[in-house]
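This report concerns only the one structure given below.
By written order: A, B, C and D. Residues from 1 in each chain.
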Amino acid sequence: MDVLYFAWVRERIGEPREHVETGARTVRELVEELRGREDRYAAAFADLDALRVAVDQELADFDAPLKNVREVAFFPPMTGG
Amino acid sequence: MDVLYFAWVRERIGEPREHVETGARTVRELVEELRGREDRYAAAFADLDALRVAVDQELADFDAPLKNVREVAFFPPMTGG
Amino acid sequence: MRIKVQKAPFDLGGEVNAFTARQNNMGAVVTFTGIVRDLEAGRLEAMEIEHYPGMTEKALGQIARDATDRWSLGDVLIIHRFGRLTPQDMIMMVATSAPHRADAFQAADFLMDYLKSRAPFWKKEVTDAGADWVEARQADEAALDRWG
Amino acid sequence: MRIKVQKAPFDLGGEVNAFTARQNNMGAVVTFTGIVRDLEAGRLEAMEIEHYPGMTEKALGQIARDATDRWSLGDVLIIHRFGRLTPQDMIMMVATSAPHRADAFQAADFLMDYLKSRAPFWKKEVTDAGADWVEARQADEAALDRWG
């Protein structure tokens, strides 16, 4: 699936998107898997309360299932308007 | 003093303004005096609850004093906007 | 603060652009525009608006100052037409600017509530069946209570 | 309903005139425009706005539909820019039309509250001292509670 990063999450990870092959069943499992990879992921995902997640371009929570999902995005709380 | 009429008050009185010489001390006394003049005034001033008054171009009530006043206006509740 | 009471139409877009260009470091601009609606039966020929020259300008100025005293605003614009209008004509507009959006919104809402019931305008609806003065609505008077 | 997400500036006056001309028998049009403010110290070089292409349009469309479901509206317009902006630049605008003024006001206010916290935009302030992401304000999140 495609994993996208925005704002300071993108800056900490160092890239705006990547393709990830994963068996994670939920967003939370995906986060755990990414955290284990490299320090930059651990830094980006250090505080989940500071993060929001979208699954296939809809806001979701960290327990959302990933079955048949094509795109997951992580970002800080939005500041539009 | 000048007495002005607007909207249906003007239509009932039959003119938009007139000069009135009066010894009335309050708006209410002025209304009583006008009511006694002719039927058209009695018709216009039949229901004071349906009327609003401005004294020297400021909203006032019927007990407002008329000393040194130059202009009194009578009209129905406003419908601006 | 600008108050215009006029018979002529106004250009909403031109007015809001000019208003916005005059602002200095305001984060929010809100406008309200009132437009003549046809009657249910679709037979409004005209809306005739009468006003009280002299008092109108004073009353609108006071309402604008009340808004400015109450919220942190950059500027206020009020334009109100009088005379004979037809459906789809713009009757009036207000614009407010403020550092923050809540102030701009609340001030514009407040201006409209006071314009409705405290500015000396009267509307008459003309149809083929005759002409009737628009009656003030209880709800418009009650709306003023929102502002304490 | 029109949603535009764009890098280019927009003409507020032209947009509100075109929006108003498209309406049919709506008595009220409300607009809100958000403008880049300088920082207290007057040293904002730029505001960089990032967004999530694809999701942004969907989220704005959903917010507009929620407003339309909730109030009696004629139409909704949302324009939101992204990219590098400088102080006094217009960031975004919304316009609403409705038969009656309360619906137009409330819907515009609602759109702004949801745009702030539910549309995928992120702002970064650039000064000579560096660049910082604007943090979401607790008050903006809390404002959503107003709408139940």
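Everything that follows uses one rule, which is that a residue touches a chain if its C-beta (ideal position, glycine included) is under 8 Å from a C-beta of that chain, and two chains touch if they have at least 3 such contacts.
As the structure is a computational prediction, the values presented were derived from the model and not from experiment.
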| item | value |
| --- | --- |
| Minimum number of chain-to-chain touching steps separating subunit A from subunit B | 3 |
| Approximate Å spacing (C-alpha centroids) for the pair subunit B, subunit D | 48 |
| Where subunit C and subunit D are represented by their mean Cα positions, the distance between them in whole Å | 23 |
| Multi-partner residues of subunit A (at least 2 other chains) | 81 |
| Where subunit C touches two or more other chains, by residue | 34, 101, 112 |
| Contacting chain pairs - touch in the sense defined above | A-D, B-C, C-D |
| Footprint of subunit D on subunit C - complex, ascending | 11-17, 20, 23, 25-38, 87-88, 90, 99, 101, 104-105, 108-109, 112 |
| Complex contact set, residues of subunit B against subunit C | 4, 6-8, 10, 54, 57-59, 73, 75-81 |
| Subunit D residues touching subunit A - in the complex, by the definition given at the top | 34, 50, 52, 54-55, 58-59, 80, 91-92, 112, 115-124, 133-136, 141 |
